[in-house]
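There are two complexes below, and they share chain A, which is joined by chain B in the first and by chain C in the second.
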Partner chain A sequence: MTDYPSLTITALGNKGSGKTTFLLGMYADLSAGRKGYFLNATNPDADLALASKWDKLLDDGVLPPPNLADNIPYEFLFLDGTRPLLGVDWLDYRGGALEDEVGAASGDVPELHKRLNKSDTIYLVVDGGYLVRPVENHTRAGIMRMGGLRRMTSLLQTAIRAREASGDLAPSIVVLITKADLIPPARRDPLDEMVDDIQQLLSVCFADGLSTLICPVMLGHFGLNPEGKVRTSDIAPHDLHLPIIFSLAEYMHQLSLAASSAAAISAQRLRDLDTHLSGLRTGAGAFFRRSSIAEKSKERAAAEEEYKSLDVVQQVAAKRAGALFGELEGLPLFRDGREVSR
Partner chain B sequence: MNGHLAWQPVLYGRTLRADKWWRVLPPNVDVRWLNALMIAATGSGDSLSDAPRMLMARRGNVVLVGAACWAALLSKGMNSDGNRPFYCFVGWLSPDPDAVVPSLEALQERWVPWAREVYEGWMRVDWNKHPSDLTNAHEPPFGAAPWTGTVAELGATRDAIRAPQRASIPASGRITVVPVEAAGGAWLDLFESAGDFAIAGPFEQPVADSAGILTHIVANVSRADSAGVIPARAPDPAKMPAPEQAGPPWRDSADQRMSDSQPRESPLPPPPAMERPPPPAMERPTGHEPHRRRFRDKAGRAFRSLTGAQEASYEDDINDPRTDRQEAEDPSHGPAKDLNYWRRQHETAPDSRSNKEPPQLG
Partner chain C sequence: MLGQSNAGKTSYVSAMYATMTNGVSGFTVRAERSADHQRLCRNAERMRGGVYPPATDQRSVYNLQLWHAGDRVFDFMWRDYRGGALVESSESPQAMQLRTDIANAGGLVVMIDSTELTGGPRARSRVRPLIATTIRLLSTRENIMPLVIALTKWDLVRASEEQTQQAASDLLGDLVSAVGDTKHIYGTLIPIACGAQPMNIILPVLWCLHIGIAASGTLLQRRLEFHQQLVDAAAARRGFWDRTRAAWAGRPNADQIHAYGQQQIRDDLLRIQPLIVPSQKLNSLFEPVFKF
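Entry: the complex of A and B
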C-alpha cells in the first residue's frame, strides 16, 4: 500500500444500516471489473473472505451477521486494467460503535474516531427505510435520532474541524442511501424529493467547502425488515460501485486542481528565472558571469521539466476525473451546497 | 478447587436495542485480552456452525473457559434483532491458580445447559434496555463452577485419552492446528502446561486468527494435515495489552473496575418521547468563495512546501525568484502531497508527455 497514493474511506452508519452488505456487494461488483477499472484486495485471504460471504448471499440468501467489536481493516487497490492507480483503505466495524463512548470496554471506538479524522471520503449511510415517505416536520427529529443522523452530523463536523486544523482538505461526502428498494419508484426517479429530504436531514453536507454526492443503492428487493435470509431470486444489486467511483473522481479532480496550481507556480518560477537570466546576460561583465549563467540555465531546464510534468499530471487527472464523473450522470452532486450534477 | 468461589461468569453478546456486547465482565481483567479472545472464538459469526465453538485460554494465573455459539442455542426469545441472528460467548473466568477446568468432552456435553442459565439470567436484565442505559457491563459475583472435578480426576481423563504426541505451546506468532480427534488431549496438555495459551475450535478449516490471540486452533483436518503450524495474524496493537501491562491480565488497579457492581433488575426507564420541533428552515448557502479557488490555494501551498528544498538552492542575487515566494509550510495531505508520485508515473510513460510549450516571457 505504501507504493501508491492511498484513499482512506470510512462509511458511517447505524447498526443494521447495511454497511457490511454494501461493502460485500461493492467489492463483488468492482473486483469483477467495470469499464476496465477494478478493485482488488491486496490480501488474497481478504479477497476470498469477501467473495465467500457474497457467494453465501447469492447461493443461500444469507445476509452477513452483525459485526462484533472488531474493526476489520481492508486494503484494496483500484486498478486501471492491471495498472494500480490508488490504494483504498477501508474499515468495517459495528454500527453501535458510533454511539459508544471512546472509553467503552469494547475497545473499538478510539480507532474509529482517529480514522475519521484522516478519511479522504466519508460515506454517511442512511437506511432507505427512513425515506419511504417524504420527511415532514413531525418526522424529522425521529428519523434523525433513529437513523443515527444526528450523531453522524456531529462526528462529521468534528472530523472536518480536525482536518482543517492539520491543513487537510475537507473530506468528500457520499450520502449513501441503502435499501433503496424500499423507496417507492416515484420518489427514486426523479430524485428531487429525496434530495430535499436529505438536505433537511443532513444539512451539514451542503455547507461551504464540501463536495457531496447523493447516491441511492440497493442489493435487491427484500422489503421491510427481511429475516437473516432473503430469497436469492430477489437479489438484484444496483449502483453499488458508484460511491467509490465518486471518491476516485473527487481525488482525480483535486489532483488536477493541485497540479494546475503547482504548474502555475512553476510557470511563474520559469518566468522569474528567464528575467534573472536575461539580467545576467545583459550589460557589461556578462563574460565574467558565465558560471552564474550556466547554473541558472540548469535551474531553468529543471523548472521547465517540472512545469511540463505537472501539466501532464493535470491533463491526465482532469481526463480521468471527467470520465469517472461521467459514470455518475444523473446523480445529485453538490459543491458548496450548490448542485453541479451533470 | 471448583467447590470454592473461584469462578465468575462472562457473557459477551448484544441486546435487542443496542449494538453493545459486554453484558457480564469481571473487573480488573485486561479487557483487550478478553476482546481478542471473543473475536477469535466467535469469528464474527460468519463461520460459526450449529455447534458451539469451545475456548480455553490462560494468561498468568487467569483462566477463561467457555464457548461461542448462535444465541438461538441458548434462548428462544433473546437471539436476534428481528432481522439478523445474534451470536454470543458464555464462559467462566478464574484468577485462582488452583482452579480446574472441565475436560473438553465434559464441556462439549454440558456447556449448553450451563451457558443457558448464564445467558438467560443475565441477558434478560439488559435485553430491552435503552442503549443509553447500557454504558457498563455487569460485574459478576464469584461462585462455584458448574462442573465438578479435581486435578487428579482431570489427570485420569488425560491418561485415558492421551494422544501419542503431547500438545505444546508454539513459538510466539504461530498457531498449532489440532485435529478434532486430538483436541481433548491437547486441551488437557495445555491446561497442565506452564505457559500462556489460547485454544479454540472446532473450525471448519484452519483459519487465520483475526485477533492474533490463539495459539491452537482445533479444525476438521486429518492428523497428517495438521503436522505443521500456521502463522497467526499479527496482533492488533490497539487490542493487545500495552507493554507496561504485559503479564497476567488480572490486575488490581481500581481504575479498571466496572461501575456496575451487581446485576440489578431495575425497571426500564420510559423511552424518551420523540421530539418533534419544527425543523429549521433550510437555508441554501449563498455568496461563498468559489470552490475551485479555495482548492487551488490549498494545493498551491502544499506544492510550495514540497518544493521548498529546491527553493533553498537559489543564490541570493539580483531579481532572485526566492524573494517572491512564501515560506515553506508543512506538507499537506490528499492529492497535493501525491503530486511527485504522479509526476514520476508520467515520467516513466513517455507516450503521455505533454507537447504543450512552456510559457514564454511576455
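Entry: the complex of A and C
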C-alpha cells in the first residue's frame, strides 16, 4: 500500500442496513473485473475470506450474517487492468457502532469518529425498505430515526467540520440505497421522486462544498426481511461496483483540480523568474552578474520541470476522472447541492 | 498451472506430455525423471480408454526438457498442485507453497472448466479466484511473461459452443483486455480437450515455451549488443599507451577487454543460434490462435 496513494472509505449504516453484504458483493464483482477495473485484496487470505462468504450466498442462499463482533479492516488495490491506481483502506464496522454514543463502553465508537475525520469518502447506507413509498411529513421522523439518518447527519457534519479545521477537503459522499429490489420499479426509474426524498432525509449531503452521488444497489430479488436464507435463483447483483467508481472518480477530479492550481502557481513563478532573468541579462553589467544569472537559470529549469510534471498529473487525473464519471451515467450526482449528472 | 479442483490440470499435463514425447513438428518434450515419464504416459494411456486420473492430492513438480531436431533447446519446470489449494488460507502449507510458486513462475497456465462457464453468478464466482490471483501476479510483473487461458473439457460443450464462447467472453473479457493493454504479458486463449479426441493439447505448453524462448532470445540479444559495444570501445583504445597505463593502474588493458568481449559474443551467438529455428517454427503454430 505504501507505493500508491491511498483512499480511505467508511460506510455508515444501521444494523442490518446491508453494509457488510454490500462489501462482499462489491468485492466479488470487482475482483473478477468490471469495465476494465479490478479490486484486489492485498492479503490473499482476506480475498478468500470475503469470497467464501459470497460463495455461501451463491451456493446455499445463505445471506452473510451482519458483522456484530469486530471492526474488520481491509486493504485493497484498485487497478486499471494490471496497473495499480490507488490503495483503498476500508473498515467494515460492526453493526450497532452507529447507534452507540461516544464514550459508551464500546471502544470502537470514538474510533469511528477518528476514522470519519480521515475518510476521503463516506457512504451513507440507507435501507431501501424505507423508501418503498414516497416520504411524507408524518413518515419522515420515523424513517430518520429507524434508518439512523439523524445520527449519520450529525456524524457527517462533525467530520466535515473536523476536516475543514485541519485544512482537508470535505469527503465525497455516496448515499447508498441498499435492497433497491424492494423499491417499486416506477420509483427507481426515473429516480427523481426518490432523489427528492433523499434530499429531504439527508439534506446535509447537498450543502456547499460537497459532492454527492445517489446510488441504488441490489443483490437480487429477496423481498422484505428474508430470514437469513434466499433462493439462489433470486440472486442478481446490480450496480455494486458504482459507489467505489464514484469514490475514485472524485479522488481523481480533486487531484486534477489540485494539480491545476499548483501548475498555475508554478507557471506564475516561471514568469517571475523569466522577468528576473531578463533584467539580469540586460545592460552592460550583465557580464558581472554571470553567477546570479547561472543561479536563476538553474532555478528556472527546476521550476519548468515542476510545471511540466504538474501539468502531466493534471491531464492524466482529469482524463481518468472523466472516464470514471462516464461509468456513472444516469445516476444523480450533485455538487454544491446542484445536480450535475451526465 | 492454476485451476480449481477438477478443472483438468493433471489430465492436461499427462495428455500434453504423452503427445509431446512422441514429437510434434520436430519438437519433443522429455521428463528428467523416468518415474515422471512413466506416470504421465500411464495416465495418458488410461485417458484414451476413458479413465481420467484422480484429482491431485499434493503438489507435483515435473522437470522437463524441450528438444528440437536433436538439440536440447529449453529446460522448464511444470508445476501441478491440488486445486483446492487455490482457495485455502495461509494456514495451509500447500496454499503457501502455491503462492510462492506463483510469485516465481515464468509463465502462467490458467485452467478453466468450460462446462462451468455458463452457470451465471456461480460461474463468475468459480472463475473469480483465478482472475484475482492472476491480476495480483501480473500487477507485480514487469518482465516478459506468457499467460495461457485454457478452456478445458471443450469436447463436453460442443453442443453449446456459441453460448460457452459468449460466457467466456463475459467472464474473462476484463482480464483479456487488461493483459492486452500490457506490452510484456503475452496472452492466448485456447479451448482444449484431453479425452479420446484430443484438441489443442500442445498449444498451451508450446505458447509458454515460445514466449520463454523469445524472452531468452531478447536477453541474449541485449547481452550481445552490450559485448559488441565493449569490443568496439576496446578496439578504439588499443595500443602501446593503453597497455602501459593499464599495467600501471593494475586494470585489464583494451587488448584483454577486446578478447574477452569477442569470446562473450561467440558464446552468446552459440546460445542464440539453436533458438532461432525453433522460435520461428513455434511462431507459425500460433497463427490461427486467439492472442491478446
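By definition in this document, the second predicted complex is superposed on the first by the 341 of 342 C-alpha atoms of A that agree within 3 Å, B and C clash if a C-alpha of one lies under 4 Å from a C-alpha of the other, contacts with A are read in each partner's own complex, and residues count from 1 in each chain.
As a convention for this text, a residue touches a chain if its C-beta (ideal position, glycine included) is under 8 Å from a C-beta of that chain, and two chains touch if they have at least 3 such contacts.
Keep in mind the model is a prediction, meaning the values are calculated, not measured.
Student: For the overlay on chain A, clash or fit between chain B and chain C?
Tutor: The answer is fit.
Student: For A:D45, decide between first (touching chain B), second (touching chain C), both and neither.
Tutor: Both: A:D45 reaches chain B and chain C.
Student: Identify the partner contact of A:K35: answer first if only chain B is touched, second if only chain C is, both if each is, neither if none is.
Tutor: So A:K35 only meets chain C here.
Student: Return first, second, both or neither, reflecting whether A:D181 touches chain B, chain C, both chains, or no partner chain.
Tutor: Neither chain B nor chain C is touched by A:D181.
Student: So, A:G81: does it touch chain B (first), chain C (second), both, or neither?
Tutor: second
Student: If we overlay the two complexes on their shared chain A, which of chain B and chain C does A:P66 touch? Say first, second, both or neither.
Tutor: So A:P66 only meets chain B here.
Student: Quick one: chain B or chain C, who's touching more of chain A?
Tutor: Partner with more touched residues of chain A: B.
Student: Does chain B (first) or chain C (second) touch A:K15, or do both, or does neither?
Tutor: It touches chain B, and chain C stays clear.
Student: Looking at the superposed set of three chains, what is the minimum CA distance between chain B and chain C in Å?
Tutor: 6
Student: Quick check on my understanding: which residues of chain A belong to both its chain B contact set and its chain C contact set?
Tutor: On chain A, the overlap between the chain B and chain C contacts is residues 45.
Student: Considering only the defined contacts, which chain A positions touch chain B in the complex?
Tutor: For chain A paired with chain B, touching residues are 4-5, 15-16, 45, 53, 56, 63-70, 72, 94-97, 99-101, 104-108, 110-111, 118, 120, 137-138, 140-142, 145, 166-169, 196, 199-200, 203, 206-209, 211, 225-228, 251-252, 254-255, 257-262, 264-265, 267-276, 278-279, 292, 295, 299, 302, 304, 306-313, 315-317, 335-338.
Student: Please give the residue numbers of chain B that touch chain A in the complex, ascending.
Tutor: It comes out as residues 12, 14, 18-22, 25, 31-32, 35, 38-39, 42, 44-46, 80-87, 131, 135-137, 208, 210-211, 238-239, 258, 274-279, 282, 284-285, 288-289, 291-292, 294-304, 307, 310, 313-315, 317-321, 324, 329-330, 332-336, 338-339, 341-343, 346-347, 352-354, 356, 358-359, 361.
Student: Given the complex with chain A, which residues does chain C contribute to the contact?
Tutor: 87-90, 99, 121-122, 124-125, 127-129, 131-133, 135-136, 138-139, 141, 171, 173-175, 177-179, 181-182, 185
Student: Within their complex, state which residues of chain A touch chain C.
Tutor: So the residues of chain A touching chain C come out as 28, 31-38, 40-41, 44-45, 47-49, 51-52, 54-55, 58-59, 77, 79, 81-84, 232, 235-237.
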